[in-house]
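Paired with subunit B in one complex and with subunit C in the other, subunit A is shared by the two complexes that follow.
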Partner chain A sequence: MINTKKLSNKIKYTGTACLIIGALLIIFSFLFDAKRAFYNYIIMYTFIVSIAVGALCLIAIEYMSGAAWSVPFRRVNEFLSSAIPFLIILVIPIIPGIHTLYHWSHKDAVDTDPVLQGKSPYLNETFFILRLFICILLWIIFYIFIIRNSRKQDYSKDIALTNKNIKISVLFAPFAVITLTLTSIDLIMSLEAHWYSTIFGIYYLAGTLLSGISAVTLISVLLAQKGYFDERIQRRHFHTFGMLMFALNVFWAYIAFSQYLLIWYADIPEETFWLLKRMNGHWQYFSISIIFIHFIIPFIVLISSAVKTNLNILKFMAIWLLAAHWLDLYWLVMPAFDDHSLAIGWVEAGFPIFTVGIFILLFVYKYSKVNIIPVGDPKLKHGIDMFLYPDLSID
Partner chain B sequence: MSYDATYTKELPLVPERSSFPELDEVVFKPTETKPTRAWYIAFIISSTALLIGALSLGYTLYYGIGMWGNNNTVGWGFDIINFVFWIGIGHAGTLISAILYLFRQKWRTGIARFAEAMTIFAVMTAGIFPLIHVGRPWLAGYLFPYPNQHNVWVNFNSPLLWDVFAVSTYFIISFLFWGLGLIPDIANLRSRTKSGIKKFFYTILSFGWRNSNRHWQHYERAYLLLAGLSTPLVLSVHTIVSFDFAVSVLPGWHTTIFPPYFVAGAIFSGFGMVATVLIVLRKVFDLKHIITIDHLEKMNKILLLTGTIVGYAYAMEFFTAWYSGYQFEQFVFINRAFGPYAWAYWIMIACNVGFPQLFWFKKIRRSIPVMMIIVILVNVGMWFERFVIIVTSLHRDFLPSSWAMYIPTWYDAGIFLGSFGMFFTLVLLFVKLLPSISLTELKAVTENAQPKNH
Partner chain C sequence: MFGFFKKIKNKITEINSDLGIDERNQELFAVSALFDTPDDIIKAAKTLSSSGFKKYDIHTPYPVHGMDDPMKLKPSKLGFFTFFFGSLGTLTAIAMIFYMAGFDYKNIIGGKPFFSLPPSIPVTFELTILLAGAFTVFLVLILFNKLPLNNNPLLDTEYMKRVSSDKFGAIVEADDELFNKDEIIRLFKSLGSSEVNLIYKFKHNELTTERPIFDFKFITLLFLLALITAAVTYFSLNKLIYLPPFNWMSEQFKVKPQTQSTFFEDGYSMRNPIEGSIPRNELPYEYRGLPDSLVKYMSNPLPVSKEVFEKGKTMYDIYCSPCHGYYGKGDSRLNGQFPNPPSLHTDRARLMKDAAIYHIITTGQNIMPAYDKQIPQLNRWAIVHYIRALQRSQNANDGDMNK
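Let's turn to the complex of A and B:
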């Protein structure tokens, strides 16, 4: 039953090359400038969490809402979320970096700073590491349960497995929100330990869902264009991907704007220093570009209905939005490293290349083992038949 | 594959008595028969409440807002609490009719019309409060920026002004959306009615609708556009209401999660109110086969979801207050939970976060009496949420010499009662005068109404 059409070896070689080049560059960057590399590592880690956990969230949303349109593409989500077990390895390099990255981990700094003293029951190394691992463990547990049921269904075609997964997904939902909130507060917000914003967890969550849906769109479009899917999958199916990318991007912008406006308007020094850093020096140009890259351009491009069924534009915008999420994380993390100028050089290059490598190789591996279409899912036929318009087949 | 068909077959939205003439009969029956005794009793109660409100408001207008419990420290009392409460209730209608429409949720058809009507009445009720809150409502015309000989201009930097624009735009679009959806149904009523005066009004309101193909095409296009337009509008309204608080520097008001938290809360309270009234409506007008238990179960799921989001916001606020290390913020939250208004805080937590958690159980989601109790508690909880946000943040000022308690007067209570009176009077008139279910949409989701090729 496993996929009859094989992936071309080129993909595997590209993935391996990305992984090796990326890994080498990362090693060199740690040797060259460890501090800067640690900051970049946080970006990479949170980005991988965004895609992997974001994809798992989308699977859970599909089960909870009973959506049928996304069932033919669910395996793509599952393949992406298979990075979750590797997080337990990927998180390890952060631990020796805590001292370099986090001001609150310096005992002498905390001793002279009453604000940090107040936070120390939460921001201390033991609890920090514990939280990181608890989050990962929770993701792994839910990942294993959901994916196992989904795979079993390929052979047993048992409806009870769908019902089981609905229950697990509902349980996962609150945990997903809480764990992503904690991850964002711990890894990103506490880089500037004095700063706080109640919306921060939602801000990261919005970026996570957006990059999750963008990654799924990208891979699904590529597979559909190369003919790896059922021929009944039509351009109309991708309209919904376009809508969701548009909607989640607007949601991200809404959250980002809310955070900005409220801090700017109230103008209290406890909060504004964080924004001021990003509104001065070279960062001001970067901040303004983010508005265009992450919101205005995708908004204008994706608003039209014709674009949402144009697979090439959709593919381009998916890559665009993934890059935008990386830049957004860069914007959140890097001013803590250098509050005046942008650090962009070869040091920054290794991390995204490595990330691309991981996901390609995981995909290739999973593709050789698991059906690309969940053939046993009771909603599959409904999902495929949902849009039967002869004029919109993929050319 | 046969099991495919059985699993994905959606439950019929209109299970029985689904022939078109029968649907006509049951939906139009309230508009074509004389009001029942129960309706008169309900109408007497609600219009009495409305009169009490009018009287209290009359006193207020005559003597001034000194009749209220507001004081120097707690400058925003029942007036703003009720405004936010009612404007929040006005969010469910557009969510059901526009956002669920964009999400292709067909089950919305049975309840959309009614929820939209409630939105409009809730926004009308809410609109009274800022007007009387300004103290001299006859000067409220200056809220609209227009060149005048006094050279008086509004403050464009103030979210209170953005509210004027957001709420009025929202009202207009919701009204158009609702009115547009009514046209085919009113045309249907026009064709059925025998009474001359009814025919006259229905003829005017149906705008010459003749069910022609071209009419339908335009109608569907306009409906989609208005759904798309109302979606950002509905989010903007409560976002801006949250800005009223959050742009300030006041601990307890200034926090960045306010916009999404207020929107979720508004949907939560709106669904609470819609569910409360629907449970009564479906029984009184014998609509149990159209507004089925499945509809109510789905609404309960949304209540659970939004209630939990609100709970997340409460938790984040509390956590961040502690995490911020900002002592005033910390004081406000400790004071909320354990200070003189702790009872209000715990009512809020119990009703908004606690009781809706019972909806995790399918039995409770499908039990009408339990559901009725929970949705009423949701209404109570959401009113107290606004009370907690406004009063507890204000009553302990920065200087302890300015600390004060807020005690509403009978006039506050009377106006509050009057707002319920106004809302329910309008609802009662609506269900007797216009079809409270969108019949044309309902017919489109009956069994075999859609052509199926497979």
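Let's turn to the complex of A and C:
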């Protein structure tokens, strides 16, 4: 029952080329400027976490809310979240970089700094590495359980598997929020260890869900336009994708503004220096353009319902928002590397290319093994038909 | 209790039937048909719209998805209304906060600018949502549904009762250009309708105006309701329930100046500054109590400028003029009540060094008290400049005429 329509080989070759070029560029950048490359590596790692774990979160949300419209597209989410097991390899290069990246990992710096001393029970190397791996292991466990049940259903068509997955998803929800908060605090916020923001975890989580839904939208639109889905999949389905992208984008802006407003109002030097760094030098132009790129332009473009059902604009906005999330991570991470000027050059180029390569190859591989539509899901018929025609008969 | 309500209801029904409000005349309003399944109603909608009817409507007990296409409905314009009122809310909020916080009632909060964007955004956000939601609903109800109008002929019919519980209904209004009673009844029957009825108009139109919101009766009723609400609220809050006056702001657990303290050992509630501390911009004066001969002559640190003279004049008029007079002639409004102060235009005063005048202002002389507690250091120097200007103006020599 595997997909009858094959993906063209071109996609596979593009993916392989991206992966190889990206990997080579990354290796060169490490040889050229190891410190800068480590910072970029953090951006890449958190971006891959965003898409992979974000996709898994969307699967969990679908099960918990009993959504039917997204069932035809659930496999796209599953394919994207298949990057989760690879995180355990991708995280390894960060470990030798701890001393380069994190100020708090130096013993002599901690000894003379009462703030870092106070944080040292949490911010120390052993606990840091332990947390990174515990988070990844938790994601892998939930990934395996949820995906295995979903695949089994293709053959057994058993409604009990859906119920099982609902329970697993409910269990996953708090873990997802906690692990993503820890990951973002550890990897990004502790780059400037003196700074703290209690809303930072949810800030990263908002970006994660946004990039998750954007990636799913992008791939679903591409597949639908090439005819890989059921022909009954309508533009109304994509209207919902557009709405979610719009809503999560506004949610991101809401959280980002809340963080800014509180720091602005309280005006405490411990908190303001982080923003001041981003409001001086070349960073101020970057900060202002982030507001436009990540919020105002997508808000204006996506507000109309005509746009949300236009697949080409939707595809473009999905790519736009993915790029915006990358820039957002760049804005969070890079001022710790250079607080005056932007570091943009060939060193930065390899990392996004590598990321694209990973996801294309994973998708191609999974597509050759697994059905692109969860044919055994009891909600599938309702999901496909729900915008087409009223169907009141209860099967 | 329920008997009472029943009595009222019966009375209303009685009045209605007396007035003949429930009666219908023989003027046809529409032909209605009931259908059993949503598939039937969608088929009916398709047929009606493709036969070219304009004034027809579909009623269903729940929203049936996919009804827009068979009915050939245009996309709703509600979004534009919402967008318009939302933008209006944004602009109103920004303008309101800009005027209130920036001009009308300036308050320093945490050292921030009077008007700044970040704290205005939450209010702007709320007002945007409020206007987009409430105004859209209200105005659209009033403009398009003719809100207070409550005599649509479909009301109180068996048809309406059924389509709001278990049937799907379609009507074609008699106003339609293509309306033909017998043909439409036949059409509905052929579509599989279980019941076809004729609906007649009411005899009486309670509200006759085009826009019932402007109806005199309606506005009077609204006004009376507002009056009654206000009166009841006033009576119940002020007469029935007595609330103690709001006085938490005047009764605070804080130290008030010039009062006794039970907290500090010395019994004073005001504290002295720590010994040896000096105020900002105030250097201690080192020649206090010394005779003039020992005063070291320092020069005036302030430049000669318009601002300095204006400052000096203000300070002089406040602190010096009560005795020395506005022009320094010793002819003030207190003249005669005290030993007259000397004129500032005597040779002695004119030949004094700046620092000597400063010394006198700071430490006092004869019965003139010291002014160092009242006038800050630099302002005393500004006064010195102003006195010099006064002396020059009152004792101009011939050379000054040429300038």
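We take it that the second predicted complex is superposed on the first by the 388 of 395 C-alpha atoms of A that agree within 3 Å, B and C clash if a C-alpha of one lies under 4 Å from a C-alpha of the other, contacts with A are read in each partner's own complex, and residues count from 1 in each chain.
By our rule, a contact is a pair of C-beta atoms (placed from the backbone, for glycine too) under 8 Å apart; a residue touches a chain by one contact, two chains touch by 3 or more.
Since we're looking at a predicted model, the values are computed, not measured.
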Subunit B versus subunit C as contact partner of A:Pro114, first or second or both or neither: first
Between subunit B and subunit C, more residues of subunit A are touched by B
Is A:Pro269 touching the first partner subunit B, the second partner subunit C, both, or neither of them? neither
With both complexes overlaid on chain A, does A:Ser305 touch subunit B (first), subunit C (second), both or neither? second
Between subunit B (first) and subunit C (second), which does A:Leu261 come into contact with in this model arrangement: first, second, both, or neither? both
Subunit C-contacting residues of subunit A that also contact subunit B: 261, 265, 267, 388
Which part of subunit B faces subunit A closely enough to touch in the complex? 1, 3-5, 7-8, 235, 239, 243, 246-249, 254-260, 308, 312-313, 316-317, 320, 322-326, 453-454
Quick one: which bits of subunit A touch subunit B in the complex? Just the residue numbers, please. 68, 114-116, 118-119, 122, 157, 159, 162, 174, 177-178, 181, 194, 196-202, 254-255, 258-259, 261-263, 265-268, 270, 378-382, 385, 388
Within the complex, subunit C is touched by subunit A residues 257, 260-261, 264-265, 267, 303-306, 386-390, 392
Which bits of subunit C are touching subunit A when the two form their complex? 37-39, 42, 64-66, 75, 79, 83, 110-112, 118-119, 121-122
